[in-house]
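Okay, got some structures for you below.
Here come two complexes built around chain A, the first alongside chain B, the second alongside chain C.
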Partner chain A sequence: MAATKKLGAYICKGCGIADRLDIKQLVSTATRDGKMNVVKEHDFLCNSEGVSMIQADIDSGEVDHIMIAGCSKRAKTDAFSFDSVAMSRANLREGVIWVRPESDDSEIEETTQEMADDYIRMACAEVKFMTVPASSGEQGRTPHVLVVGGGFTGLKAAVEVNKAGYEATIVEKSGALGGTAAQLYKSIPGRSPFADPQQPEIIDLIKQVESNSKINVHLNSSMDNIGGAPGRFNADINADGNIVSGIFGSIIQATGFTNYDAGQLPEFAYGKSPDVVDQLGLEMLAKEANGGAIKRPSDGKEVENVVFVQCVGQRSEKEGHLSYCSGHCCLTSVKQAMYFKDQNPEVDAMVLYTELRMPGAGGEDFYRNGQNKGITFTKGEVSEVVPGSNVTVKFQDLILNEAVELEADLVVLATGMVANSGVNVETCASEDDDAEAAAVNKEQAVLNLDYRQGRDMPQLVNGFTDSHFICFPYETRRTGIYSAGPVRRPMDMVQATEDATGAALKAIQAIENAAIGRAAHPRSGDLSFPSFRKEGCTQCKRCTVECPFGAINEDEQRYPLFNEARCRRCGTCMGACPVRVISFENYSTDTVGQALKAVDMPDEFDEKPRILLLACENDAYPALDMAGMTRQEYSAFVRIMPVRCLGSVNTIWISDALNSGYDGIILMGCQKGENYQCHFVKGSEMAHYRMSKIGDTLEQLNLEKERVQTYEIAITDIHKVPKIINDMAATIEEIGMNPFKF
Partner chain B sequence: MKYRNNFLREVEANVEEGEWVKRCMQCGVCAGSCPLGPHWEHPPQEIFMMIRAGKREEVLSSDSMWMCTSCYNCIARCPRELPITHIMHGLAHYATRLGLVPENQQTNKFAQKFWDNLSKKGRVNELKLGLSLYFMNGFMEGIKTSLKMQKIGLGMWKTKRMDPMEILGGHGCEDTSGLQAMLKKASEIEAAKKVKV
Partner chain C sequence: MADVIATNQTILVVGGGISGMSAALEAAECGKDVILIEKNPSLGGRVSKLYKYFPKMCYPTCGMEINLRRIKANKKVRVITMAEVAEVTGDTGNYTVNIKVAPRYINNNCTACGECSDATEAEFDNEHNYGLNKRKGAYLPFFMAYPQRYVIDPAVIGTDDADKVKAACKYDAVDLDMQEEDLTLNVGAIIWATGWQPFDANKIQPYAYDRNPNVITSVEFERMMDPMGPTGGKILRPSDNKEAKDIAFIQCAGSRDRNYLKHCSRICCTATLKQTTYVREQHGDDGKSTIYYIDIRAIDRFEDLYTNAKNDSNVSFIKSKVANVTKDKETDNPILNGVDTEGYNRYSNPHELVVLAIGMQPSVDFAKLGINVAINEHGFMENDAGNGSMFAAGCASDALDVNRAVQSATASALRAIQVVNQVSTTEGGA
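And then the complex of A and B:
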């Protein structure tokens, strides 16, 4: 296979590399061990002259697979971007000279040079097993976004999508657009001076949508089925009983929330007295009053005093309560108390809170304005609301530390948001050969995806769809489908505006990526994609189950069916496959496996152990690079290999490494679990799980389990990574060398 | 009425800087910053909450605001920029007007002595003020304190920081009767002010 490839090696002497390393020796390693056809050195490879030298060789057809030895693969990517060839990089700068002491000591010089030689061997081996990614032919461009949910977020998203020149179709469950927002009398101010409740934007938004011919609306509708992938989603909409089919480029899920039912909390008398309402109930009363005095429901008396109770059934670990903060309810109560104060300052309006939370740029100003308008804020914990001709609120004043019973004309309960995220694909009944379960799931699902991993988007915590709220907002675990608004996390309309806009941009990006076969975040621009060798596949289904993005379906013969546009190119499927039939053009069990086997393994009596470090290229590898930039020293016995995601680590690499004589193996991936930092959501978790099983293998081989260690590393752990390497070196000194050296 | 706005409104109408009380966000920074904090029954934060909870009698007859030494620590630190010191004095003053000051309130007593001393001649007679403070709480205690302070007094005399002759009347401003007339007029105006409830 390698025979037809034209291999070129380019070794840089700049940045002090030539001062510290024997370049002649590197050239000979690349020629003799690396078997490269062309080997050149250059004083400053990344300058225009160096780059032209490489480009000239490419243009003349002399090379089509190149190995560049110099700085880290993360550096100088603009200079070294040669689209038409396969390329690997040997990290001699951040990975060798910057982490090794400058010294005349011949032993140090020797081990440092060995490190560099090995990196050359590894990069040469790697590139030999690469091919240039080619177009899959799966591409298609459909400039049309499907928006599921016609509430505030959905409408906003549709309008934004349309402003950017794309068509939108809205599917709304109820008979009218506007959702919860349309039920509000006024909304929380979104602009400075954040002083007064403002006219809700929703009325105007509905008008914009209804008058726009490029935004289609289906009312009383739901999703019957969504198949395909970004760029070519084929969706069946159940539009008031008729199935309407369409092709869409991407999807925004803006299915919003359901108001928590305060009736579940008997101590608050909701449902027992008409004068106890929730926040939506108060909006209704305010709408009825329409600027006049708000009247209490029981007897129509004008409300003279009103008590707002915060955190009702929220931020509480009690059974049946919501454990989280819904993020808008303190703001909403202040807004609603202003309804009373603005109409008649003589009305006593009190907000009872345990912690008042006023998020957003204007939150604090809005609170101050509430105080200026004379709203009384009392830190207190409500124990009971007692119905009666006047409702009595029993609470403990937490500042004055005393029990209080207070009569009120009206009590408003701040209850929370429950996400409308459909079925929980991880816990719902399995549909395998169970038509009944399938019918139930279908009824509950909001998207009804034809994905092997389930009908709706996976959830992370508390029923909200899984999308990392800091690092990768809007990106979900279904490529090309973006959740926005309170289905993603609890929020108010100011935040929902941002969310809708963000999701709209993501949806557009997905359409354009799909059109040219490029990956989405975090490997944006990547043109490679996984393929599998059908003859070798045993139909074990591990790839279809473990793919964090549900990218792989099954075909009629139950073989995996890869969907390139759904794929994020993490390689988790490749790491999962027990028979190793999955690979990318430029990343495979061979590219890494051959590279790690290419090192020159000293024999047992050389006292020179070898440690293999498989580092996730998202966080761990940059942390290692930064350890170099800050000149932290670590053991010269380590050989580092970047991987796309720890999830792509196939256990064959571990057994190959141990069989070829490595004394220790370190795996570094991102944080997993509920607060994951893993750029591929589940990759690191899968790797940790697989490695937890490797203990048995080690035992069978009679090897100590300390030889393989897995770590969660953040990009900031630049002082931790050298220590982990050095600790492993010390461990090996203690337990001795790997007996499997040849 | 409890937790209604009536007392808050009364404070806003009658107490110097009273309109700030509603803006307190109950962070407790003032209570934590006050050097005398531990000795107050109700630190400023609590007083503000009590006003909002409608505890009129408890606040106005409280000893607490009389504890303020005008060090201005709280004002410097309050994140809501409440003029806390001024409000404390405003409350003390309002309580005095209403005759709600607790009996034998020491700050209040000394304040009266200071005023009496100053208003007589327009100048503070330090010797007399000092002695009246020693004897404020009875003759025996006055003797005891005077004996205790004897050395300091002699030292001050020697270094010309104190003139013993001041005991015989002492110095005053130029137009004492004019001053008296002004003060009389001012107290008439003050008395005519109605308490606004």
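And then the complex of A and C:
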């Protein structure tokens, strides 16, 4: 702690705090125990007068580290928003007086006051060890986006990035731009009237890209290597055999999809009869016909009846099938049936489906228009397609509940989308000292990231690239790299347009964030970054392995190599480090460790246990606040400390806390596992894993395992959190106090 | 409000639901100045009233907390609540917007201590709970409300309760003389994130929503599940407050129907599949869900929800557009009548509670508002070169789920930035 820190404590008396607590005592605690240089009280600290009082002290240079005691740190944030000073908050309202009964009972008054005094001590200790974050000097602004994939999504993203004033470089593995979209005869309408197949936008899009000097294109190219971090990614592009290197600010992965191979499904006769095609095959036939009658491949006869079979090899639990729905295929079949009907209304076009899925305003209109054009829709499950001079489709009609056989000139199979997401970094062969595995992975990878945690973006479900999925669809575990289009989830071109445009925004945002050293989501704007004391490091690699974002590589001497702009500031590395050499300026083993040590520890025989609660600040802490707002009572023995993420909790804090006399410890993090709700993806999971090992520590100390409990808590668990605290208090009453009090 | 400064570099976002918050934040986190206006007293919109999100079954307030933290931490976003657009004039890159700000009768001094609410007596329908319960005349819209500041219902002004509110506040936060304010802003681009509203279930006469209390909408059902909601988290029949265990879900209630909304509202199938898990969560094997549907539209990985529901012996599916809902006079049970098209069997099925999977329609009638943008026949705003620098985000543009709404909002933020970066000659992109 630097000696020059000027510490100020400001204690609010409003909202009933002065009615319920002894303010003189709080002032004395802040002065004597908190060692604050300036200690002031105010009737109503968040009004303009109270705020001006604090601002005046800051402006006069009297304080540069402030502790505000009053309401929760989630409340009155507009009022308590001071630039250039470090600030901590002691939660006396939601955390003390609102959860404690109003009573004349001196014992209740005493324990409630002790709670408040401890929160002042904790907040004073915390702020003493905080520093106002300053940027690291690693920053660079590179207004240039690398787009991997030159299909519809990639081209759209590049054009949109450029319209905002940024440069783009497209890397396309094939010899031409346009991807799957360029193979289409016509596209599904994206605007009203959603009536007829449209001229594909792709032709115009390719022209726009080719004529734009700020968009560079590499064909027959792939990524050889991507290193660095947002703002300064250094990429090696294997351009038709030559390595071209460049510096990019951010990356959009638009590597698209591959059509599921219908040949894997022998019952559909794909490959056995030329008159059985997949949807892409039909597009080729339509292109050949170019507005004339579509002819069947076997003998060139004009097609008089065509059957579209939906959900081929998808929406199925069978081995080798896709379990998901690709979303676009119903609309695509309607569009393709219209190719026939528009050319010759006499052609029989039937769509065999189990569920018709054409959502939204456009979907239903297009479907209705398909019906108006005379396309028939039959709910049926196809069991077999039999090749022959005419192809026979055998199916069970689900409406009439009967088996039907139908002859057709042409059968179109609606197969699904398989994401081109490269190598699965969680299941691929380890490359440690294995050159062969490295070569195989490199060949399969699409990004070839030089990241400790693998060459490609992690995958979420069904092989699609990682995404937070609901609230924050673009958030991935690789900062500054955004996936868009059908590699992220199955989608049609209307959605790919939005997706590419959204990803373009995230890409330019990553550039602007990196330029000033600002964190990306979810701690947007945070200027702190992890610093590390090399002399203490034991090269155990836990930080590099556990970082959910692949932010830490290893240098030649196997020391961690932090890439600031990749970091999300969750502190999982800080929680992982067994020698505690990793810290942030505004959040460190000291700010938390000293705060929990600052609690006044009563003697074992006082029968006043102390329970430490470390709560995730995004979910558990708001739930605790709302328990206060709804005046739910809980034990006065608990001391709550919000943490950035449970992943930042170092087990040494736990053993220190037990050694210093805490009787019980509760950890509250978010749901982990497949449907994880942790905003740092793996933080809560890591914490649960680490705490499963805490048993050894407890055993060494000869303490009961019930003293440390870890919970998955949602923000809505407003009734549950007080109960957990009270249960812990009851448990301690049962098993007795921690003997390690001093 | 005099301190609101806006220029043709500023982006105005209209609507503070998930789409508006996302659009505003994404633009602000690129370094742009953003004004976010919301007509209600709090940000949060429709999603703040949902119990869980599909497919992860997580809680919407979790994402909202993150978004509120982003807003609190970002000085580039200025939030104005109780504000509505009255008029827009001007053209691409340079609009003048007249905004009406309704009086809250509570100023910034409010500490959200809650004493004003305790002091009042009169009660009003609680908007946050779709009127399923009552709130006081001075109230915090919900626990996560932002700004965290109370509101006084205009109906209280001039009554005894108003004086009681005034007397109860120790912080001089009550201003009963507050008037509607006019705010004129110059902005470079406008993002319309005005969202959706549930189709008026009263109009679907055969389904008896207006006359049978045991017919409710899907959005009301969400409120029942909230442990802090009107029923304390229990699925109760409004007619007798008894727990309902046998629940029918009617799909396409108002959607895919020439008489009501012609479009498919996209989310209702998956929302119903999600809600069957609520029934299981609450009643285990005693809970029974029956889904009356035309097509189950669970695309992408949502298919898993459908697969799980089909594998759940307590969930059954009947392919049928329900003809009408009558009532068993003895039990108050709604009876669903129609024909099961898989086999053409007539049915007349009693259930304890009926949930209408209600359709989505745009909240704002842009034509009525005099906003000159491309509107399709369903009332959704379409992106069009003729719209100038006005862009639709989220459910103002189509019936969307949350994921797609955020995607659309993020895209609209870029479109707005493209305009202000062009207007700018000194900053922005290279």
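The rule we apply is simple: the second predicted complex is superposed on the first by the 736 of 742 C-alpha atoms of A that agree within 3 Å, B and C clash if a C-alpha of one lies under 4 Å from a C-alpha of the other, contacts with A are read in each partner's own complex, and residues count from 1 in each chain.
Everything below uses one rule, namely that contacts are C-beta pairs under 8 Å (C-beta built on N, C-alpha and C of every residue); 3 or more make two chains touch, one makes a residue touch a chain.
Being a predicted model, the structure only gives us computed values, none of them experimental.
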Worksheet entry | Superposition on chain A - do chain B and chain C clash or fit | clash
Item to complete: For A:N372, decide between first (touching chain B), second (touching chain C), both and neither.
Response: first
Worksheet item: In the superposed arrangement, does A:E512 touch chain B (first), chain C (second), both or neither?
Response: second
Practice prompt. Figure out whether A:I399 sits in contact with chain B (first) or chain C (second), or with both, or with neither.
Written response: both
Discussion item. Going by the contact rule set out at the top, does A:A714 touch chain B (first), chain C (second), both, or neither?
Written reply: second
Fill in: chain B versus chain C, judged by how many residues of chain A each one touches
C
Item to complete: Could you tell me if A:M350 is touching chain B, chain C, both of them or neither one (first, second, both, neither)?
Response: first
Practice prompt. Once the structures are superposed on A, label A:D727 by its partner contacts, choosing first (chain B), second (chain C), both or neither.
Written response: neither
Practice prompt. Considering only touches as defined above, state whether A:N305 meets chain B (first), chain C (second), both or neither.
Written response: first
Worksheet entry | Of the stretches 26-34, 62-70 or 116-124 belonging to chain B, the one that collides with chain C | 26-34
Worksheet, complete the sentence: chain B and chain C footprints on chain A meet at residues 368, 379, 399
Worksheet, complete the sentence: Residue positions on chain C within touch of chain A in the complex are 18, 25-26, 29-31, 53, 55-63, 65-67, 69-70, 72-75, 108-109, 111-114, 143-144, 147-148, 170-172, 226-228, 256, 262-264, 266, 295-304, 307, 319, 341-343, 376-378, 380, 382, 384, 398-400, 402-404, 406-408, 410-411, 413-415, 417-418, 421-422, 428-430
Worksheet item: Within the complex, which stretch of chain A touches chain B?
Response: 305, 348, 350, 367-368, 371-372, 374, 376-379, 397, 399-400, 404, 406
Item to complete: Would you pull the chain A residues touching chain C in the complex into a rising list?
Response: 14-16, 44, 46-47, 71, 75-79, 81, 143, 160, 163-167, 191-193, 315, 317, 323-327, 355-365, 368, 379, 398-399, 401, 461-462, 469-474, 489-490, 495, 497-499, 501-502, 504-506, 508-509, 512-513, 521-522, 524-526, 618-619, 622, 626, 629-630, 670-671, 675, 677, 679, 714-716, 718-719
Response to the item:
Contacts from chain B onto chain A in the complex sit at residues 2-5, 8, 22-23, 25-26, 45-46, 49-50, 52-53, 55, 80
